[in-house]
Every structure is written in C-alpha cells, then in structure tokens.
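One structure follows; several queries about it will come next.
Per-chain residue numbering starts at 1, and chain names A, B, C and D are given in the order in which the chains are listed.
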Amino acid sequence: MSTPPTAKRRNQTLLRYARAFRSPRGIIGAGTLLALVVVALAAPLIGPGGYDQQTSQTLVGASGQHLFGTDELGRDILVRTVYGLRTDLSLILTAVPVSLVIGTLMGLSGAVSKALGALTQRLLDIILGFPGLVLGVIIVMIIGQGWWALFFALVFAGLPGFGRMARAGLLSEQDRDYVLAARVLGVSTGRRIRRHILPNIVDPLLVQTAIFMVVAIFIEAGLSIVGLGIEPPAPSLGAMLNVGARYATTHPSYVLGPGMVLLLLALSFTLLSDALNEAAIKR
Amino acid sequence: MIRFLVRRLPVIALVLVAASMIAFLLPRLMPGDPAAAVAGPDATPEQITQVRHDLGLDRPVVEQYVVWIKGLFTGDLGQSLQYRRPVAELVGTRLESTVELAIAALIFMVIIGVGIGLIAGSTRAAWLRSAIDSVNTLLLAMPGFLVGLLMVLLFGIYFRVLPTSGEVPLSENPEIGVQYLILPALALALAPASGIARLVQTSMRAVRQQDFVDLAMAKGVPPRRIATRHVLRNSLGPALVAIGIRFGDLLAGAVVIEAIFARNGLGQLAVSSAQTADYPVVQVLIVGAVLIAVAAQLLTEIGLARLDPRVRLE
Amino acid sequence: ACTSAVDQANQASTATNEASCQPGGTLTAALASPADPSAVLSGRPGNIFWVRNIVEPLWYITKDSPEPKPLLAKSWKYENDNKTLVLTLQDGVKFHTGRAFTADDVVYTFSQVTKAGSPSNFGPIVSTWQVAATAPNTVTITAPTALDQSAPSILDVTPIIDKDTYAGIASGKQIVGTGPFTLDTYTPGAAMTLKKNPNYWQADLPKLDKIDIPVIADSTAQLAALQSGRLQLASGLTVRDATTAGDGTKFTLEKSGGIFYLLGMDITKAPLNNKQVRQAIAYAIDRERINQQVFVGIGTTSDLMWPESSPGYPKDLATKYTYDPEKAKQLIASAGATGATVDLTYAQQPILASMYSIIANNLEAIGLKPKGEALSIGDYQQRVATASFKMSYLNNAASVGQSAPVLLATLPQIRLKNNSLGYDDPRFAELSNAVTTATSATSADALRKLTEYMLDEANVQLIVAAPTTAVQAKNLTGVERTLTGSLFRNACLTKP
Amino acid sequence: MTAEAPLLRVAGLRTEFHTAEGVVRAVDDVSFDIAPGEILGIVGESGSGKSVTARSILGMVHEPGRVVAGQISYRGRDLRTLPPKAMRPIRGREIGLVFQDPQSALNPVMTVRDQISEALTVHGMGRAAARERALELLEQVGIPDARRRADDYPHQFSGGMRQRVVIAIALANNPSLLIADEPTTALDVTIQAQILRLLGRLRHELGVAVLMITHDMGVVAETCDRLVVMYGGRVLERGTVEDVFRAPKSPYTHDLLAAMPRLSSDSAGARRLPSIPGAPPDPAHLPPGCPFEPRCRLAVDACAEKMPSLTVFSVDHAAACHVTAGGASIPVLDSPPAPPRRRAEGDRRPILEVTDLRINVANGRRGLWGRQDPVYAVDGVSLQVHPGETLGLVGESGCGKSTLARAIVGINEPASGAITVRTGGAVQYVFQDPSASLNPRRTIRESIDEGLEAIGVPAAERYDESVRLLERVGLNARHLERLPYAFSGGQRQRVGIARALAAKPELLVLDEPVSALDVSIQAQIINLLESLRDELDLGYLFIAHDLSVVRHLSDRIAVMYLGGIVETGEVATVYGDPRHPYTAALLASSPHPDPAAKHRERIVLTGDLPSPKNPPSGCRFRTRCPIGPIVHSDRTICIEQRPALRPAPNGAHVACHFPGELRNGEA
C-alpha cells in the first residue's frame, strides 16, 4: 500500500535540494558550475597536446586560432585556462568536502564529552587566529609547493568555519524537544547525532560549504599571487593570473581569460550558496 | 568590562602561547636555511656555517625559544636575520602603512557594506533590490586582487585621477596620503563589503518580521525612522561578527594588495621574510596576526554588547 | 587649495628630454629587491643603486670598454709580468665621517674580503694576494699569478669601506664611505634615501640633491609608478615590461652587466653520469627560444662564459651546441637513457620557472622525463651550497663580464674548492689551474684546452647570458653603469 | 444597536493572502461595531482570523496580505481609503495597539522610556515633554519605582511589566480605541489578572474603548461587554456577553463553552469532557459552506453548500447558522461517562518517589575564580505517584515545574535528594509543544520506531506495533509514513503520546501537554489521556498552569512556588479549601467562563515571581503574600524561617506559617 519508507524519505530530501535548483539563482549557479565541470573534464579534447604544448608564437593576442591568445612560452591560454580550471576544481572539490567532514566531526565532538568539545573549540580558535592566506603560506613552506600543499591549506582554512557551525548546530539542536525525547527513550548518543542532529544541521553546513568554495578559490589564487601556488608548468587559475598580471598592460587577454573563468567559478558557487540558503529558509 | 577581559584572560593566554609555539616552530620546520639565504647565492658551506654561528642559529631550539619569549616580555622582539635590525624597528617602520590601509579598508567596508545593506534592506522597489543583489553577488565573487589589478589598469593608465602606486604616510601629509589610500583600500574592501551588505540585508529582512517593528508602525513612526532606529540597529549584530572575522582576512588580503599598489607594508615584509626564512620576523608577524584576530574577536564581543543591551559580557 | 597626488607626481616628470641639466633635484629609482648592507662587499640586486654612490671602489668598468676608469685610484701600473699592481690613490678624499682616506683603508677592505663569513666571493683569489700600503697614497698588490685578468673586476666590485664603522654596517644604521652621496634614511626592506655629500672630493659633483630608492617588488606596480611619473629609473621590471616601456618614446631601455643562467649537473647521478646524456641535453635545449620567450631576445646564447675580450677567446667553440633535437634523441637512445627521469631543482622565481618549463619541454621531446622542484630562496641556496639538490639545478649568477680566472675561482659550479656540483675531476683541475696561472704567453692555449674539455664534459651548460635591464626616463642623464651597479655622481635631471 | 454612534464600524471586511499555495481568505465578511468606551471581545481558535482582523483595521496586514473588501470607518472616516501618510496620525494617536507577546513587542535595544516617548514625539510632542509624559505613563500603568526603571531596557523587565509598557505606549496619546491582541495569553494567571484589572481601570479612568482579542472564554466573560465569535475567518455569532453565554445561538459557541473544563466541576473522574470532534479548518482550503459544518453535530445539507447569513435573535444578539435560524434549539453536548478505572491488583507501591530533590540549573561553567553560584530551580521537593494515579503539578511560569519533570526522566542532573522509580526506565515524557517534540525530518513511523527499538522490539514486529499504538491514540496506519508537518497540533500531540507509550512506561510525565492546543482540541487530548490512564493503569505526573484542566484530570495536586511545593492534597480538598495564600490567589485569579462571576471579589497578587538566583529568605512567597510581612510587619517569622510542609486539618499538606488564614477570596 505504501512505498518503501527509505526511498520515500530520500526522495523528499532530494526534492528539497531540487527546490534549491529551481530558483533562478540556483539554475544559473548550477548551470554555470556544470558547464565549467564539463569544460574541465573535456580539457584533453580542447587541448589534445596538454597544457604545456609550447610554440614559438609568444604572446599572440586573441584570435580565432587562440581564443585567449598565447602566453609567454607560446602556449595556448585557453587550453591552459581549461586545465587550470581542472586544477582548481580538483582542489576545491576534494579539499572542501574533506574539510567539511573533519570540521563537522570536530564540531560534534562536544556531544561525546564536554571537555573534548571545549578542547576542539580551543584548537579551532587557534586555527582561526591564522588568516587563510597566512595558514597557506606556512603549510606551503613546510611541505613544499604543489597540489598537496594547497589541499592541506584549504582543509585547514575551512576547519574553523565548519567546526563552529557544526558546534552551534549541536548546541542548538541537542536541547530541542525531539532530541530530548530520543534521549528519554534511551537512544544512544551516536544514533541521536546521526538521526536527529546531523540531518538538521546539514542545511547551514551545505550553505557554508558553497560559501567556502569561493573562499577556497580565492585562497588558491592568493597563494599563487605571492608565488606559492601550484608547481609550474602545471596551470591553475590563480597561477595564470599571477603570471598574466605581468603582461596585463600589453596582453589583457592573458588576465581576462583566466580571470573571467575564475569569476564564473566563484560566481557559480556564490549563486549556489544563495539558492541553498533560500531553500533552507523556506523549508 | 574589566571583569569580562579578566575572565577571558586564560583563554587568550592559552591561544597566544599556542600561537607563539606554532609561530616559533613552524618556520623552523620549513626546509631551507636562513643562514644560506643570508650568505648569498655563491656562498660556500664554510661561509654558511660562520653566518649560522654569528646569528646564534646553532644553539638548541628550546634555548632559542626561551630567549625569544624572554625578549618578548622585555619588549625585545628579536633581530631580523636578513636586515640585521631589531624586528620591532622593522615592524614599526611598516606598521603605519598597513594600519592605515587596514583602517581605511575597514571604514570602506563598514560604510559600503552597511550603506548598501540598509538600502537593499529597506527599499520596496524590487528592481533596486535585485540590482543591488546582482552587483553584490558579482563583487562577492571578485577577489580583491582582481579588483586591484583592474583599478591599477584603469586608474594608473587610463583615468589618472588617483595614484595607483606607492604611498605617502598620513602622518606626513594627510591630504596626499588619503589619495594614495583610496584605491588600495577600496580594492581590499569591496568584496567583504558586499558580504556585509548581504548580511545586513538579510538580517534586516528578518528583523522586519518582528513584533516590535509592527509596534513602531502602530505608534505611527514614519518608515524611514523605522528603518534606521528600529530595524537597522537590531540588524547590525551579524554584520559586526562578520566584520570581526573579516578583519583578519583583510590583513591577509593586504599582502596581495600591497604588492599590486606598491605599498611597503607588513604584508610585503611577511612575504619576503617567509621567502628568506627570516624566522624572527616571521614568528613575530604570526603572533601579531593571532593577537589581532583575538583582539578583533574581543572587540566584536564588546561591540555586540554595546549594540544589544541584552548581551552581557561574561 | 586641494593638492592632487597625481598632479604632484606629474610635475616631477613633466620635464622633457631637451638636455639642459638642472642642478639639484631628487631622483627616484626603484628596485625590486631590498638593499642588503651586510653584502656591501659583493654584488646583490638590491645594492646596485646605492653601493657605488655611498662607498666607492678604486676603479670602475663600464660596458663601453674593458679598461678600468679611475675613481679612488687616480692611476696605476702593472709590474713584474703583471704579477704586481701599484695603485696611486686620489688626494684629499675624506670619508663621510670626516676622516681622511688612506692606503690603509684599502688594505683593511681586502682583509675583510678574505675573512671567514665575508659575503664576498673573491676570497679564494684575494687570499693569494698581498695587499700593502707602500705609501700613504700608494697601494701595492702582489700575487703569485698575473693580476691583469682578475684585478679589474675584483677592484670594480669591491668598494672601499671605513674600518671604524664597518662592524655595524650590516644593520644599515650607519653606512660610511667616500662617495658622492651619504645615507639619509634607511627603512630595511622598503626604501633607502641618499642625499648629496657636500664635501665630495671631486668639485661640482654630485649634481643631484637626493636619491630615493624605494623597493617595488611587483613589475606592474613599477610600471605604473614609472608611467605615473613617480620614478625616473626602474630596475626590476620583467624583461618584457622593460622592453615595452623602454621603447624610446618616454623611456629608454638600459642594459648593463649581466646574469648567467646555468644548468649544472651532478655527474655521479644516473643518467647524468653518462656524458652522452649530458651532451644530448645540451643539444636538446632550445636556447634561442628561451632567449626570445623569456628574455625578449636581449640575451645571448653563446656556449662560453668567458668575456670575448679574453686573450685567446675560442670563438669557434662558442656555437658547439646548437639546437638539434634529432641528434639529442639519437644520443639518448645510444646511451640507453630513453625514459630516464631527470630531476631539476630551481628557485621559485618567474624567470627560472619559465626557463624550466621550456627546458622540461625540450627534454621531454627527446625522450627524457624531467621532474622539476621549485624551492624557496632559503631552501634553494642551502641545497646548492651543500650540493644536496637532487640531480641538477638551474641557477643565475651575476658574473657576466668576469674574466676566466675570476670565474674559475668564484662560480660555484666550476670552482675547484667547494664546488656546488661536487665535481672533482683531476683533469679539469689541471686545466683550470693552467688558466689561472697562465702568463700572457700561455693563456690562449690554456683557455682553449679548458674550454674544449668543459664543453665535452657538458656538466655545466650556459643557457643564456642576459643583461640586467633598467628603464630610464628621458629626463635623466649621466648615469654610468658598471658591472654590478650604477654611479649617479654625474647623473642629473633635465628640464626644457 | 447601541444608541451612540459607533466609534469604529467594520463592515464586510475581507482580507486575503495570495500565497504560492493559493489564495488564503483569512478574514471573510466580518462586521462589528465598537461604541466609545466599550470593550468588545473577539474570540476564536487559532487561525480563525482574529489578528488579521485587527491588523486590517490599522492597515498593517503583512505581505502578501491585502484587504480586498469592506469598510473600516473610524469616526465616520473610511480608513481603507486613506493614503499611508494620512494613516500615520491615526495609528498611535487615535488607535493604540497591544500585542500578544510582550517578549518580542518591544525593541530590545531602546530604553523603555525612549520607546514610550517616541510614540509621543512622532506625533509632534517635544522631546523633554515626551520624556516626562513617559514617566507619568509608566506610573499610570503601575510600574513600581518608575523613575528609576524608566531608563532600563526591556529585557530587564518581567513579562507582565513589559506588557504594561506596551500598554503605556498604546495609551501614550490618549487614543479613543485600544486594540489588544491577546494581551494576556503569554502571561501567567496571576499576571493576567493584574493586566486585566489594569485594562479595566484604564477604561474607567480614560474612557477608552477596547477591542479585546482572545481565545479564552473566561477572559471574555470577565472583561467584555459584547463579543464576536470567529471561526474560519467568519463571524459565527455576536452579541452581549450575557446573552451569548446564557443562550448561545451558534452550535460552535455552544459546544466550545461546553468543552471547557471548569474549576468548580464535580464531574471529574466520573465523566469525560464533552468535546468537539475534528480540527479547525485550514484557511487555505475552507469548506464552501459554513466553515464549522464538518465538525458540527447539527449540520444539515444546506450547511455544506452555503454560508449562513447572520440572523438577529435579539436586539444585540446575532448568529450565523442555518439550523438555529429556523428557531431550533441546541441540544446539550453530552459528555460520555467514564468507564470504571481499572486498578490492577498487585504492586501498589509508588511508581515514582522523589525525596528532597534539589536541582542546580546554573550552567556550571568554571570562571577564573571557581564555579558560578548555584541556582536551585527546584529546591527541596518531595512527591509520590502511585500506579493509575494522576498527580497534578501547578505553579506559575518559572517556578521549576519543567526542571523537576526533566530531572525525573533523567535529562537534568539532581544536585541532591533522590528520585526512585519502581521499575527502571519505565518513565516517559510528553512535551508541551507538540511540533517541537517531533523531528521535522523523520516520519511518524521512524519516530515511534525509535521508542520500540529502545525497548528491544525486533524490527519485524515494529510495524504492527506502531499501527497498534497509533490506533490506540486515535490515529491509524495511513498516518504512519507522513512527516510531522502534515499533521495538526492535536494530531502531533497524539503522536507524541504514542511514542511515549511505545516504550511501555508505567509513568508518564506530561509537561503542559495541552496548553499549546485550542480549547476544542484540548478536550480531545484530555479525554485520550484519561482513557489511556484508566485502561493501562498508568501513573501521571501532570503539569499544567491551567487550574481547571488539572482539576479535571487529577486525583491529587501539588502547588509549586519558586522551587518548592507549598500545598498538596486531594484535588477536591485543595480546590475547595485552599490553605495556602498562594493557592487561594491562584484559584481566585483564574478566569471563570461565566459572566455572573465577573464581579466576584478577587485576590490579585502583586509583583512577579522572584528569580531562583537569589530567592527570598524564609518563606519564599513572603514578597507577594497578602497575609505576610508586607501587610503584617510583625510577621518576622516569615522572613526568618522557611515553613515546612505540614498536615492541615482538612488532610492537605501546607507550607505556611499561617495556614488557612486566607481562603477563596475572603481576606
């Protein structure tokens, strides 16, 4: 007579997020992001020679053959931008979720014991004391330039935000009547967190995730600007902007190309965070 | 308030001690040798050893830490390895530049953020709201250095109305100094300002739903006065918290903005010191950054208490 | 009335190029690197605008001729088969402290050069010298080998310091010399200002009142500062910005001295232990493309580091390795090294990074697997100094124009003592010594033999020699450029 | 019709909300008059459109609402057609507004005085004069020590005092009409009595007319001259209080009055409460005819088709009903007799025994110098509950009822004393707010499963068990897979009870289980609770602040004041012969839904409940006690000694040094 319960629930949850993508902001944000991901995945098709195919055509302006022109080593800037986008996406789409998971666990650790909660909060306070970029510089200095350094820098930079949000959620949720009801029934702490607290703090955490994606893009770019980004010749949007800025006056397309893509990427996550936020409020 | 500060002291001290240890240890974990950096590109191992001894870098780490901490309490922040100058002096000469930039950016951030938020949060014109919304979204997605680069291109080359390079300390010539500050401060402030505008706007929207706004209306208070006296004041809390948190980012952002606008501030010092493994400078700057973040947090809490009499400082 | 910062800067630069030298005025000359007073005795990029103007060397060499021009030494002569050099010092010279300059100060300076921990890299050569004050205004230098090859650049690079204040010079609080300018203010890492020395020993000099030397690390920022009229001189633009800006309309491009970009290999590490592989690499690198793309063509791509004025310069060998990827591929194949990994260490710096990208591309094309490692300056210098880089490294050395004996004693990749590649080859040592101890009769032959051997070994490869560039406003004249710095005593700003 | 011209005449008012789900007609064809100086009550259940009516009058309906039809004429001017600018002098100067929730009605960041004087300055008074007048007003509404308190912020005031401030604001410009939207709903009965008395006084002194919105028939009976009964956005009946209460002409009014538990009823235990089945309609999907038709026991076919128009029965008494319009009378709503209580033989030991319990609610954070001072929200409470018995626990808000209840179920940690439960884990909790106690993300089945899982019911049996439980509380298997939002408040409370039952408890702790519900739903839940108790032989600890609800359900009662029990005994004894002055005052303050009781003599307590942070020494009630040291200065014993619970001659236990001195209203 009735549909299997779990399937139905999942549908409802999905429906809620689907609603986020029904607003204009959601559509534009998700559409842009999807397009960027497709482009990034299609990088080998756009530049079959890879991102480091050098020619002697140095700093040619934008043309039909090279939409964004070529860089100082005669490489097609469009191809490099697409591969750079790949780098950025691979970074933020791995680092931010990892940060989300660790941060959330840290935030929720207060449920296990008060002392543990206080301890992790102090830890997060200390991390929060270091602005994202400074943290990045330190990490790059320790483990050396490259993808992994950026990865860890982003993971660390995200922890305080996620951790605090999860803790705030825990504190406000754990005194809700339905959580208390579960406690009175004798439901274990782990189950209470999984069933009652986590699902109810997912919304703000998701919004924060989308917001932090933008921050992560900026941190990557910022580190590249001070010369600590991904290792050349591999491109990232930030690293390209860093080099491109040196040719900004004579070859604006060098900055504008990757700059626009960076802007689009950041914009898509901003719009997504808005859409998710709206859907969460409307719930 | 004193009681509040005293109550906070243990936590602050804990954070600072941890920060000082991290600040001391982390640079030393970095590969690279400040002595090698000091000795120059063609140096021989002997030259480097000699330099290391001269700088006291061959002493045990714990001893170096204790010496440094002792120094901190007597006001001696240590000696820069690269410049052979007291760190305090190095920081001192660049402090004004960064402080001016940060404060100017803070002012822009607050004025623009709260101003736009107020307009968007109180206007009834849907087109204006969505226009502000779009601009906000765009600015939010635009990192400071991109804004800075665009400004340098626009103002440095095409519309030369404001200087894009260098600085004049306000203490020297306020009139000229301000002109040098405007563009970099704007570049630094625009993105966070749009974030704040957004917060103000959403919290104004939430506050508008509250009964006391209706009560004010029922009293016959005109809409304008409702927006400023009743709604805005109650909406500033989240914005203030964000400003407190963003202040640290503002300082970090200064690193990039200083490079673009050719300002010699602490950001530039931090980058060059990190690159040459100038530990004494790096560690002081890190502790300073943490100190500022902590201070910003305290100020935020005090500010919140000022804004909202319900908040008690404990 | 309201003052505009932009107008203010414009007024400073409205002067056009009509050459009427105006006495006084302030020159603003930007650098990308901070000053390093502790390295006053050696060359540093951040020192090029102040060292020769506060502390002066005995003589100086400009790019127009290899012959030194007199400064603190008013005349000199070589004796004893060039193994002795007698210098007569300028009269009436006073340090900024008011103390008279004498031959003892020269002796003191060279004793500092040889001291352990001294930043100067001439120690190995100067320590074989005997520097004596034979009269209050005469200094006699005696050496076991001929001095005519080494003394010109060593005396040009080494400024004479004040023995009373040298101990404190590293902090930059007090920098005392005999130069036309005195130190006014110094903000470590940020700026230095010099002001006119009213008691300069040469009448009517200097012409300028003041020199501002701000540090502007970012090229775009320097360019903006130039174009806004804040700067009259900028060193530290990227080569491309420099060539575009210095196109001769408002600014000129000035070149001087020069930097070697070198690839050094550790021949104990496979596959670089195979000479054929090293030679293949030499053929594989498209140095002309590097010159064009990284240096906009202003560099040179000779195989040789020696100055062309060297006696017996083996001109025919200068083009031994021209770009030939096919040949390189064959060499790699016959060495059986196809697919071998080549680690390449370099410092985090835009030029080296670009250069690495091209080299990596080239090596890939011939079947090697290049792997780059970009290090921070501190890390990089430590690895290079202790020969603990992985396999090979790229570096730059501001040694263009130095004679062969000087290079053989100072360049880390080829010096015998403390060789940065750990290169220890008796045959090479023998050939190197022959050049160092050569007389005018044997020098040509010795240089040829050494060159042939080095090229065959191919463990140190010169990629490009590029001049240092500066962009100079047209209203600035009279700047003299030496190997490692500029002299502003004759410089002046012109007004219509 | 009153002879005088009405001050306000509302005619054919219709207000709609255009939402995504469709048009919500919140107010439909509402008409009434208010004469100068008159108090008109609007009563109705939640969602019946009372607040929207009030807002419509002042042109303050929230987005996306709009007044689409009707006339609102104030002193002959139609407010509906006034431009916003012209509306401003009406608001605040002519018509004042008082909100339901004093917590949120005041701007938290402005001092009380500024908020009052703002009401004056925006209408043109000078600042200094306005500040003086603000002080006057504060004194007028009975803020003690007004001069000193004037510059405090709202959060420094208690709920009752805040409501006084809101009234002061509303009265600032001497308006002719005061609209009070449930001004006492959020307050305790003792404070409610104070506020109602204040409103009555002000009406006499200032001659202001009051539009009193409430859902409490008792409040209407005690304060209003005339009333309007709303249901589903419509007016179902209107008339003078006497007429309507004596002979209601709408079946809804009639049944509503019947469903109210009464303080004085003797039927407790013998009969169930008469109740109205079903739930109020969803205003987004109103039935096409009479909105009450689906629940009406007298409904005829016409009711489902067409909304009846108002029929005038006497001069000032009209009702909208197809049935009574034809002259039919309304039969008595019969209350089903209660089946005999099944008392299982066997273990009659108490299921719960609490002895000398103290609970510290200070959050225990360590400052720099040791721990915070303890705050005992419960201080020295002892009680027992036997199987099949209901112990009612009453007391003002903040006296520690919930803290005690939460300690019993193990949420709060006792500081000292003992809680003994006969069989471990056999206590379950039912919450006050039915919507907050269900996880909005989990289906009803999942919520109930949680309880079954906890007592080890195997997964395979849980479905059948859940259905059984749901049926037991009057729901069915169809509801099992729904999320809580799909239920009404009463249904949610049923689910909450089912979940508690899932764990097979012997004792239910019911923390105000019906106070968030409408009167018509309240009776249903009370009846359900009663039958569950009787069938399953459960023991109840029933917490409430509504004395009549407690009376109906309980066998014994305990009256709590500031952390301690001041009187306890059999229900009939305590209600009939209260010996503690606090109990007597509570009983006297409770409104009676009977206009005849309007003029009875009442003890109205002064002041507020003190904070448990620094409770008064000696007897905790002494600061408000009408027979204590504030009246008799020689009674120092009250200051020095905390009275213990001692048996009184009537069998109850009382904690008072002078028990029995003050009874039902006689001082």
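As a working rule, contacts are C-beta pairs under 8 Å (C-beta built on N, C-alpha and C of every residue); 3 or more make two chains touch, one makes a residue touch a chain.
Which chain is which protein? Per UniProt: A = Diguanylate cyclase; B = Peptide ABC transporter permease; D = Oligopeptide ABC transporter ATP-binding protein OppF.
Since the structure is predicted, the reported quantities are computational estimates derived from the model, not experimental observations.
*Asks:* If you tally the C-beta contacts for B-C and for A-C, which one comes out higher?
*Replies:* Looking at B-C and A-C side by side, B-C shows more C-beta contacts.
*Asks:* Counting in whole Å, what is the centre-to-centre distance of chain B and chain C, each centre being its mean C-alpha position?
*Replies:* Once rounded, the distance between the two centres reads 39 Å.
*Asks:* As a quick test, compute the distance in whole Å between the mean CA positions of chain A and chain C.
*Replies:* About 45 Å, centre to centre.
*Asks:* Quick check: how many Å separate the C-alpha centres of chain A and chain B?
*Replies:* Inter-chain centre distance comes to 23 Å.
*Asks:* Express in whole angstrom the distance between the two chain centres, defined as the mean CA positions of chain A and chain D.
*Replies:* The mean C-alpha positions of chain A and chain D differ by 49 Å.
*Asks:* Which chain C residues touch at least two other chains?
*Replies:* Touching at least two other chains: 220, 348, 375-376.
*Asks:* For chain B, what residues touch not just one other chain but two or more?
*Replies:* 30-31, 149, 152, 157, 259-260, 274-275 - these are the residues of chain B that touch more than one other chain.
*Asks:* Touching pairs of chains, which are they?
*Replies:* All touching pairs, sorted by chain label, are A-B, A-C, A-D, B-C, B-D.
*Asks:* Which positions of chain A touch chain C when the two form their complex?
*Replies:* It is residues 52, 54, 56, 58-59, 72-74, 141, 144-145, 227-228, 231-233, 243, 245-250 of chain A that touch chain C.
*Asks:* Can you list the chain D residues touching chain B in their complex?
*Replies:* Touching chain B: residues 58, 60, 62, 88-93, 95-97, 99, 101, 104-110, 118-119, 122-123, 153, 155, 166, 169-170, 172, 367-368 of chain D.
*Asks:* Taking the complex as given, what residues does chain A use to touch chain B?
*Replies:* Within the complex, chain A touches chain B at residues 122, 125-126, 128-134, 137-138, 141-142, 144, 214, 217-218, 221-222, 225-227, 241, 245, 248-249, 252, 255, 259, 262-263, 266-267, 269-271, 274.
*Asks:* Hey, which residues of chain A end up touching chain D in the complex?
*Replies:* On the chain A side, the touching residues are 2-3, 5, 8-9, 12-13, 176-187, 195-196, 199-200.
*Asks:* Which residues of chain C touch chain A in the complex?
*Replies:* 219-220, 223, 238, 240-241, 244, 289, 292-294, 348, 350, 353-354, 356-358, 360-361, 372, 374-376
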